[in-house]
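A, B and C are the chain letters, set down in written order, and residue numbers restart from 1 in every chain.
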Amino acid sequence: MANETNPLLSIQGISASVEEKQILHNVNLDVAPGEVHVLMGPNGAGKSTMGHVAMGEPTYTVDSGKIIFDGQDITDLTPDKRSRAGLFLSFQAPVEVPGVPLTSFLRAITTGREGLDMKRKEFRKRIRSLADELDMDRAYLDRELGVGFSGGEKKKVEMLQLLLLQPKLAILDETDSGLDVDALSVVSHGMKLYQETCNGTLLIITHNTRILEHLSVDRVHVMVKGRIVAEGDASMIADIDQNGFEQFEQAAANAE
Amino acid sequence: MSEKKRTQVDDIDRSMYDFHYDESDQEHLEAGLTPEIVREISEKKDEPEWMLEHRLKSLEIYNKFPEPDWGPSIEGLDMDNIVTYVKPPTEQQASWDDVPDDIKNTFDRLGIPEAEKSYLAGVGAQYDSELVYHSMQDSAAQMGIVYSGIEEALHDEKYEGLIHDHFMKLITPSDHKFAALHGAVWSGGSFVYVPKGTKLDYPLQSYFRLNAKGAGQFEHTLIIVEDDASLHFIEGCSAPKYNVANLHAGAVELFVGKNAHLRYSTIENWSKNMYNLNTKRATVQEGGDIEWISGSFGSHVGYLYPMSILNGRKARASFNGITFAGAGQNLDTGCKVVLNAPETSASVETKSISKDGGVSTFRSSIVATPKAEDSAASVSCQSLMLDDRSRSDTIPAMDIRCKNIDVGHEATIGRIGNDKVFYLMSRGMSEEEARTMIVNGFADPVSKELPLEYAVEMNNLIKLEMEGAIG
Amino acid sequence: MEARTLNNVSAMPAPTWHWLHMNDATVEVPEGLDAASDFAIDVAEGTAGAFDAAMAAAQEAWDAEHEGYEYQRNYTDEQAEKLGGTSLSAYQQGVDEVEASKDLARMFDMGMGGDATAYLREVAGTARVIEAKRGEHASASVRIAGLDGHANVAALDIVAAADSELDVCITVDSPTPGTGLTGSTIRVFAGDNAKVTITRVQTLDDSWIDLDDMGLFLGNQADVQINQTVLGAGKTYTGLAGDLRGTAANANVVTRYLGHGDQKIDFNYTLRHHGRKTTCDLYANGVLAGTSTKTLRGTIDLIRGAKGAEGKETDNVLLVDEGVHNKTVPTILCNEDDVMGNHGATIGHIRKEQMFYMASRGLSQKQAEAMFVSASLEDAYIEAPNDATREAVVRLGNKLVDGFGELVEDNEEELA
């Protein structure tokens, strides 16, 4: 059960829009420390938007509501400040950054972070061991970020950053989409490691229940057309697996 | 001489632009360009002293300029043999009935009076170097909009000051050789003034017809759209075919005020003996925008690069152009944009088509000055080669001097995919029909921006160019 | 030597408006420089005259393959004839003239051309020959160092016979302080099925001027990869021209640069497709910081007859400081229909979606920009083909980024 009194992430009445088109409608969502939450819903429901709004993507305008993270109102913070406050977003489609070797990028994002600003040798060792842990060829560390990486390799790089930055809370946006079985098991392994080593808190965005098989889920939120239309415990997953989202779509229609 | 009517789609044939009338009763000045000729032009027009000085200064600059060495050859243009000034035997009229029959017939055949009745707010028609017809709907006049001959306005106390302050301030005689020539011998053209806050829903149109053999046309168009005002101006050009070179060196100066909007559409269909060395330029103030729609089909040689200078915060420019170079044509077209204020934006989309030895060159410049922080510009150009005896060049330049800016550029060149032709033929089209359809589709982004009548004309011109394209 | 002005250097084949000042470069050679051609090369001298001999043989083979072939000039119709033809521009007429000559040597261009190639040849004297004989796999490295008070220029002929492989690394550096000019002028012949890789890394201090002049000839299925890294020198001029002559020849040119301080960087690339199914890819990616200036002229020329050819060029420029100045003119010239030509350019600050990604990992815009600068050096270090180049990158990197050397050397230790 969610810890009602002291959530780590608290999304309070968020409505958000892009180019004057409203996408999120009064979304409320609390995640307590150490818990695993799942945000589910059909394609185009606004789940990814929710993740990006939590991270502060400037494309979206927050029209009302606020986002409290670790006791701090982060609604007006830029994404880099949210990151340094301990929030992490794994991208569904990570960008490519030609000209920047992965290692240089990883060093830049750890620099100046308390407890992570390690000595160079230590840093090298750390990222190598993480690469090994994630079954990632070390050669990727010297390649330009994302350039020529397969979908699976891109997701591994996201997991590597998750484990390197050890955030307080990670939002995983469709991390499982488009992965083959091997990549999927690596990603699952990464999530498990994050929980074990950092006492991690997870908000998993997905429309597919497969990635949840090896996780102990605390709470499920269902989003349809930009609204949270149902919430419940892990048993909802099996229900959705069998019956799909149609049962919730009527609820969404009623809410409009 | 063909007597085909322009508006019939089925009848389209370039010969309908090729009729011409006897020029025997018109007065010609001596060929060649001297200060004496320039004085004579000015005297005949009874111009203010400052205009004569401007003409003489321009002539001086013209004589100093070398010919351009980077564009199509203009060797075939012997300036000494160009009759630079041809005055038709009529004064400007406000009713078509008063226009001499042969001139009126010319414009009738081009469909101008008809279009005026159906959808235009005002029309000006220039025949060779003089404006022969000018009229505007009463409703537009009541809004305070001025649309008149520029020479007429120059002789009107109310406007002389405005003209003095704007005339060749944007395009100066020292810009290039043909701007200088224009400054020396300009004649005719339109003056449009749209007062503050006035929005005209129907377009104004100006039609240029160069009828005399071996002549030049140097009209000057000056348009002032004041703050919060809006205007659509359409320019059409044609000329009959002769086997000696004609020259068109007009100038178009557009002043777009704060939050004002101007759309300037052109379908240029000069005959294929024309050297079209036209200069067009707009300056846009804060929040205003200029939209250029430009189709270049005619001319033997074309040098045409409408320029937008964005001088105010959030000013915008868009340029949408198509160039079709067929046999014997070397059309060097494109545009220039200067981003000279914060948060300005420009978008350029062009298409070019080359066929039967035609040469089309897309040439552009995007210049962002250090003032253009937080601005954006995108350029996209596509070129289509319809055979392997033609040429298509793309020469886009970008000069960026500020940091917080996004400039994107993309261009492609290629031919019509055989798979597309095969697909259409498999559905029963002839190869010619299939190719024409594909080329029309290629041109669609431009034609859909034109008024219907012009879009139809453009598609017909494409159809005409595509005829006999197979085998 | 007297001060000299080299005009019409690295001119783009089809010029544009003069007021843009992009058509070509002017190089000021300071006075008082002594001529030198003092550079280290780690392989034995190849056969004298190998390049000219290879070109003569290529001409013979080409003539035999193209018996009865006539280049088709631009078509004109009757009406245009009466007006003196299609009124081609000087450049367009020139193409028809040169192509009609069928003279391969005449069509072989150097990238800098103008006064610069002549100057470099004059300073360097006779070219050294680096050669891979038929079927051989050879490699060579060349080190050109700034010599105080000198114009130090290497002239090289790189000749890869049919079915050979040849890798050449060129390091241009200034390990000792001084001022002057360095340069190289290189003719490259890649015979049928030959594979040639040339990597040139320049890490000079700002007191130097560097001139990098190259011309390529590619036979049937020849594959040439050029990697250029420009990190230093107050003024750098790079000119590369290539004739993709043989069927299915391929040229890839990858340019990486970091402009900083008051540097001036000038690139000129012209790749001319003659052979059927030839392909090229010009890719430039760089960062401009400080008040540096960069000009890039890239021309892909698809010549009539090059059926099935494909050319592509890209220039991505990241601007990280106010006061930088970037000029790019990505030209495609084409008089053949059965071709594909593409070019793209992105110029400006960090792209929106990239910036959000980096911000979501904790980087501010300033931090991200600093990362791009140091990453371009690290990238050069990672890509460096040999120790000499790595040393040179570290030497320059230490001047620009605190602790750069230790950073990358840790990497080395662990690898060892």
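As a convention for this text, contacts are C-beta pairs under 8 Å (C-beta built on N, C-alpha and C of every residue); 3 or more make two chains touch, one makes a residue touch a chain.
On a predicted model such as this, the values are computed, not experimentally measured, just so you know.
Which two chains touch most often is answered by the contact tally, and the pair is B-C. On a Cα centroid basis, the chain most remote from subunit C in this structure is A. Of all chains displayed, C has the C-alpha centre closest to the centre of the whole protein C-alpha set. Separating the CA-averaged centres of subunit A and subunit C is a span of 44 Å.
Averaged C-alpha coordinates give centres for subunit B and subunit C that are 40 Å from one another. Inter-chain centre distance (subunit A to subunit B, centres taken as mean C-alpha positions): 55 Å.
Looking at subunit C, residues 352 sit in touch with two or more other chains.
Per the touch definition, subunit C reaches subunit A in the complex via residues 256, 285-287, 316, 318, 352-354, 356-364, 367-368, 370-372, 374-376, 378-379, 382, 406-407, 410-411, 413-414.
On subunit B, the positions that touch subunit C within their shared complex are 69-76, 241, 243-245, 272-273, 300-301, 327-330, 332, 356-359, 361, 363, 365, 367, 370, 383, 385-415.
Residues 55-59, 78-80, 82-84, 88-89, 91, 94-95, 97-101, 103-105, 107-109, 111, 113, 120-121, 124-125, 128, 142, 144, 161, 165 of subunit A touch subunit C in their complex. Residues 14-18, 20, 22-23, 72, 74-77, 79-93, 302, 304, 317, 319-349, 351-352 of subunit C touch subunit B in their complex.
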